[in-house]
Each structure stands twice: as C-alpha cells, then as structure tokens.
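Following are the structures in question.
In what follows, chain A forms one complex with chain B and a second complex with chain C.
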Partner chain A sequence: MSQSGFVMALLDPDLPVPDGLIDGAGRPAGRRFSVYRNNVVGSLTEVLEKGFPVLQKLLGAEYFAALAKVFLRSHPPETRVMMLYGAQMPAFLAGFEPLAHLPYLPDVARLEQALRESYHSADSIAVAATDLAALSPEDFISARLQLAPTLRMIRSQWPISSIWAANTKETAPKPVMRAEDTLILRAEFDPEPHELGQGAADFIAALLRDETVGTAMDSAGSDFDLGATLSLLIAGNAVTTITRPEYAQA
Partner chain B sequence: MLMNNKTLAVAGALAAVMAVHAVPASAQDAKEKCYGVALAGQNDCKAGEGTTCSGSSKVDYQGNAYKEVPTGTCLKMELPEGRMGSLEPLDRDPAG
Partner chain C sequence: MMFDHAKHTLPARPGVGYKPQHFAEILQDPGPVAWLEIHAENYLGDGGRPLAQLRHLAERFPISVHGVGLSIGGEGTLDEAHLARVARLCDWLQPASFSEHLAWSSHDETFLNDLLPLPYTQATVVRVADHIDRVQEVLGRRMLLENPSAYLAFAGAEMSETDFLRELVSRTGCGLLLDVNNVFVSATNLQFDPVGYLADFPVESVGEIHLGGHSVDADDYGAHLLIDSHDAAVVDPVWQLYRGVIARNGPLPTLIEWDSDVPEWPVLGQEAARAARILAPV
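Coming up: the complex of A and B.
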C-alpha cells in the first residue's frame, strides 16, 4: 500500500479499503479505515459549513452537506491549516452544472470567503478622522491612502450584499435584482460587509492601485459620494496611512 | 490656489467625516483584545475545526444528493425577473 493510494481511498468511498491495514491483533482493519474515512469527510464538511453559512442557508443543510462532499473530494486541502479551506469554492460552484440556474451562488461564496480572509488578516493601526483634518483639501487630493490588510471588495452583477444580509439579519429587506459592490471592513475583530454606493468601488479600486485621492475621484464618476465613502472607511478603521504629496519646488 | 469643484467637494467631504467621526481618543482607546469571543468556527483552536465526532457513524456515503433540489432560502427569494430564486429553469429556457 502506498501513501497516495491510502489518500485516494480516503477521499473516494467507491475505492476498496487499502490492503495491509491491520488492527492490534493482526486482523484486517477495514472498519477502522471506514471510521477514519468518515472522520476526514465529516471534519472537512464541518469546516465548509462554518465557512459558508449563507451558502448553506441558501441551499439547505442537507443539500450543502452533499455539495461539500463533492467539493472536498475534488478539492482536498492543500495545507494543514483549515481556517481558509474552501478558497476554491467559488470557482467550483461556477462550474457546477446542477446549480447553474442559481448564477449568483459563486459570488455569494466569494463574499463569504472574503469575510474569512478578512477575519484572519493582520491587524493594523488606522488613522482617525482628526488626522484628516490636518490636511488641506488640496493636500488631500494629492495624497495616497493605504488601506487596511483586512479590507476586501467584491464586485458582482448580483445583489450579493443584500442576499448576505437577508440571510443573516432578520430585519433585512428582500434582495432586489441588481448589481452590487460589497466592501468588507474589519473595524475591530469581526469583519462586516457594506454595500457600496455609486462609484465607490471604482474609487476604492483606484486607492488600492495606489492612485492619488484626486485620480481616484476622477475614476469614480459624478454620482460618487466622497463624504459617505470616506466616512465608511474611517469608521471601519480601514485607512492605515495617508501619504502626503512631496512638494517639488514651488 | 483657487478652490475648484474638486477642492470644494473634498472640503465638504472632509467636513462631513469630521462631523460624524470626531470621537475623543479616550473612547477609541478603551478597547481590548478578548479571548473566547471569536466567531463560531473561526478560532481554529483545540476541539474546533478539524475535529469531529462524526466517527460514531462508521461508513461514509456517496455525496450524490446534489441532483436533488436545494431546500434552502433560494426559493423563498421573490425577485423581479424571476430567474434568481427559480429552480425551474427548463420551463422558461428549454435546453437546445
């Protein structure tokens, strides 16, 4: 029996128990292998259930458990660290024919995976609103903002922010069919998704490319609400550094 | 420098941010790391993810239930254009 054969049999219940497995008394240990095989599948399924609770709610617990088994057999863990296991779930769902009629599911999975990434990203020290006050508008336009490593942004043609809220908050309204941009901020220890207004995603995308505030504003269009977006970023402790322009000789 | 439209917009935005978030530093500093309050399943600690009691069931089963209809909230979403909450795509969009 080889190690790779053992692993393959672990993930595929159609394969026979590997040869050569014996218990303490020298007897074949097929049932013990089955228990172990079930533990592997059970624990990975649990990780996926914890990681994608909205997906589970959308599909139902029973269906999700079955889906998880299909996923984990084709995408076994690549590392011993389980906290981000399931990163390939969005791509898997996008190619999963039986759910092709629910085309927003991959983006819901992206949102949930991004929440996990945000949760496990490094801490940073954010600037406060009072730090902004030290800048003139002209300086601010020329400044670059470094954003927190916990920040994630998901742009979707589906209302995934609303879908997430409708399945996690009792008072949330029903989703309306539209494209939505979602910003995930971790103000303290728990990440939270926020639906972005018009142009805000373009603005933030430009900041992430290390463009100046002014250039980012230009890319955001005329309906963009700078005050609301800055307030969101500041409240979410998402701006870590303001790099002021270095003046050439006046 | 003359105040152009962009400068005015930024000045207004900065004022708006200040109005909402000018919190005394002492209030912001009064936070501490707290253990034992992590999101469910996110602490990755002993007896957390990767451990399971499902070994009490001895044999795994094939995950083929995905051919059945999901029973979650997909169907409960009432949305214009129908397709989002629908599980009956063939009625409207015949294959081929």
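Coming up: the complex of A and C.
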C-alpha cells in the first residue's frame, strides 16, 4: 500500500479502505480506517473554526463545519504550520456558488486571515508621538514613515469592519451597506481592526509604497484627516522608523 | 550569559504540555511541574504573544520541543524548508530536548495534520533511519522518537514495533520517547499484552515518558477501539503500566499531555502530582 493511496482514501470517504490494512485478528480494518479520516477532518475543521470565528458566526456552526469539510478536501494544507492554514478561504468563498448571495463573505475571510497574520508577525519598536512632533514642517512633509510588519490594510466595497465589530462586540451598531477600508494594528500582542476615514487608506497605501508624507497626503484628497490618521498609527505602535531627507541622502 | 546546564536537560520529574491559558498560573505556582513541552509548529511565527510567552517560560523552566509536522515516516524526502524553521526555533530556544513521532503526516505538498501509521518492514526502517539521521544532522542534536498509537495494522509487517524501534535506535543513535498511553491504546486496539510490549521495549534508550488520556469508541465487531484524543485524565491501567516502567528503570522525565478540552490549571497540577508521587515515593 502506497502513502498516496492512503491519502486519497483519507480525503475521499467514498473511496474504499485501502487494501492490506487489518485489525489485530487479521480481518480487514474497516471502520478503524475512519479514525484517521475523522482525525484529519476534525483537526483541520478545528483549525478553520479557530481561524475564522466571525465567518462561523455568520454562517452558523453547522453550516461552517460542512463548508470546512468541502474546503479542506479541495484545499488540504500545503504547510505544516497550522496557524495560517486557510489562506485560500477568501478565494474559495468567492467561487462558492451556494453563498453567492452573501458577496461580502470573501472580504470578511480576508479580514480574519489578516488578523491571524498580524498576530504572528514580527515584533518591532515604535516611534513616539513626540518623535513626529519634533520634525519641522518641511522635514515632516519630506519624511518617509516605515510601518510595522504587524500592520494590514483591507479595502472592501462591503462594510467588513462594521460586520466584524457587530459579531465580536456587544455594543457595536448594526452594519449599513457601504464600502469600508479597514486597518489592522497590533499595539502589543492583540491585533485590532479599525475602520478608516476618507482618504486614509490612500495615505497609508502611499506610505507602504515608501512615498514621502507629502506625496501620501496629496494622494489622500481634500477630505482626509491627517491628525486622526497619524494618531491612530502612533497609538497602534505602527510607525517604526522616520526617515528624514538628509539621512535618506547620506 | 552562562550556560545553565539545568535548563538544558529534562529533569526526571513531571512536566506538562504547555497551554497559553495557563501562562500566568504556571509562573505563579507551578506546583510539582518542573518542565514544559511545546509543539514546535505552534511557535514558528515571526513574533507576537506565542514567542514572547515562550521567552518568559524558557527563563524559568527547561523546555522540550515536540514536533508534530516533520513526517519522519513519509515516503518522500523530508521537507527541508520546514526542518530549517524547526532548527531556527531550536537554535534560538536551546531546548532541553527535541522529539518527533514514528509516523507520517504529509505526502507531496499535502499536509494531513494527523499522525499516520507505518508498516514495520526493512524498507521502512531504512527510510525512517535516513530521515532521523537528517533531522539529527540539521538540528545538531540527538532526537527522541515517540511510539505511535495504532488503530490498525499492516498485513505486510515483517517485525514487531519494539524490534522496529530497536533497529532505528541502533542505526541512528536516536533516543526514544515512550508514550505509555499509546502502548495501552495500541494494545487494546490490536489485542496484544501491554506488559509484554513494555518488557520488550528498549527502555535504556528512553529519554522521556508521555502520559495522556484517551476516548473510547468501537470497531465493526463491537470491540473497544480506543482513540488517542488527549482530552481526558490518564486512566488507572495506564498509571499501573507507568508504575511498572519506573519501578524497573528508575525515574524518567514524565509529561502529562492534555491537548483538547484542556482543564483548569489545578487539574493538570494534580495529574503532575500523581506522577511525582510515583517518580519519588515518600
């Protein structure tokens, strides 16, 4: 019996139990093989439940478990590190016909996957508000800000920030249908999603491309609230380096 | 920093499988718990709380790193990228012990997240020994290999599990991790005598013992089929077998393994205290 035959039978319950597997008395193994089938499905389902709790809440535990079974059979892990298994869940959901009437689900899954990534990302030391305030206006405009490896941003045409909040916090308002940009910050160990105001996602996207603060502000448009966005980034320990022009050129 | 020998050897006392929900209580009052075991794959991230907690714990306790993903029994070559990640963790942590399983868990690119069984044949010995050699070479240390829990057997088996393990030890110089619950589970499921198995086990190579709980199911014929679920207290017959091993071989580092339906810290502490009484009878 080859391991590839064993794997195929593990993932497809309609296939017969592979030959050559027996019990202690030499009889065919029969449902003893199901222990391995159940372990694989059960352990991977548990990984997905832990990774996508809001998705599970939105769909109900029973539906989610059934969905997980379809997902894990078509997308078994390609990594041995289970903390991030499920990276293909957003794409899977986007193509999953029975849930096409809930078009925001793939982006909810993206948000949850980004939270997991942030949780395990590298630690870094953040600059303080006073470091930014110490810059002259000219230096500030031409500075570049390096952002923490724990930071994630998700732009969606759906209100995924509000949906996430409504399913994790008791006091959150009911989501209204609109586009939302979400920024995930990890001030210490626990990543938190924040809904971004007008222009802030364009500003942060420019910083991530290593543009200067001035260029990033230009890309953010006229309704952009610079003070609020910088406060959010500083409070989330998300700015790790300020590069002033003279150092950049040195 | 001075090399602290005590942190780099597992003491012949009780340890527990570390669960993050017990972090504060372990540091405050570990009771009889003298060391901790972690699953390597849960600590392969780049940062955050898991590694920060581990850094704290490693200052205070010897740590055993227990791999669950190397697939040492796999037909293909080892996943070198994964082995390198495990090596990086061990280089940083300098654990007191590294162990893995006599099992396979991946095939080609697919990882199954379960410990799958091997036929005990000459061909399998050669392959598994090659993989153990490679792991020991990359990690730069001797590893311990754990006996599996079995739900079925292979018609083509050429030798017993104990002979298979002895052959691996002699080829690779690896040590063994004796899981007494696995012995009890396999003995029940495959109808052999666990006392005879333990009498035949190469105990002189054992560097660590595992004790865990199991659940009870039934096979097609209504016979007991025990599942190695790590979700309950250690049962009395397993304590009995363990007492026999310690009486015969002297005290060994002993882990209480409880991975799902994890209880409050005091319950784990009581299990560890029970092991402590057997290891050092008053």
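One rule holds in what follows: the second predicted complex is superposed on the first by the 241 of 250 C-alpha atoms of A that agree within 3 Å, B and C clash if a C-alpha of one lies under 4 Å from a C-alpha of the other, contacts with A are read in each partner's own complex, and residues count from 1 in each chain.
We take it that contacts are C-beta pairs under 8 Å (C-beta built on N, C-alpha and C of every residue); 3 or more make two chains touch, one makes a residue touch a chain.
Every value quoted in this text rests on a predicted model; they were computed, and no experiment measured them.
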Which partner does A:Val70 contact after superposing on A: first (chain B), second (chain C), both, neither? first
Just chain B (first), just chain C (second), both, or neither: which does A:Met82 touch? both
Could you look at A:Gly20 and tell me whether it touches chain B, chain C, both or neither (first, second, both, neither)? second
Applying the document's definition of touch, where does A:Arg31 land relative to chain B and chain C: first, second, both, or neither? both
Which partner, chain B or chain C, is in contact with more residues of chain A? B
First (chain B), second (chain C), both or neither touched by A:Arg186: second
Considering only the touch criterion stated at the top, classify A:Val47 as touching first (chain B), second (chain C), both, or neither. both
Which of the two partners, first being chain B and second being chain C, lies in contact with A:Tyr119: first, second, both, or neither? both
Once the structures are superposed on A, label A:Ala133 by its partner contacts, choosing first (chain B), second (chain C), both or neither. first
Taking the contacts chain A makes with chain B in one complex and with chain C in the other, which residues are shared? 31, 35-36, 39, 43, 47, 81-83, 119-120, 189-190
Residues of chain A touching chain C in the complex: 1-4, 6-7, 10, 20-27, 29-33, 35-36, 39-40, 43-44, 47, 76-83, 85, 119-123, 149-150, 186, 189-190
The chain A residues in contact with chain B across the complex are 13-14, 31, 34-39, 41-43, 46-47, 49-51, 56-70, 73, 81-83, 96, 98-104, 116, 119-120, 128-130, 132-133, 135, 137-138, 140-141, 158, 163, 166-167, 174-177, 188-190, 213-214, 217, 226-228, 230-231, 234-235
Residues of chain C that touch chain A when the two form their complex: 41-42, 44-52, 69-71, 74-75, 79, 82, 85, 104-114, 116-117, 119, 151-156, 189-192, 217, 219-221, 225, 227
What part of chain B is in contact with chain A in the complex they form? 1, 3, 6-18, 20-23, 25, 28, 31, 33-34, 37-42, 44, 49-52, 54-55, 57-74, 77-81, 83-84, 86-87, 89
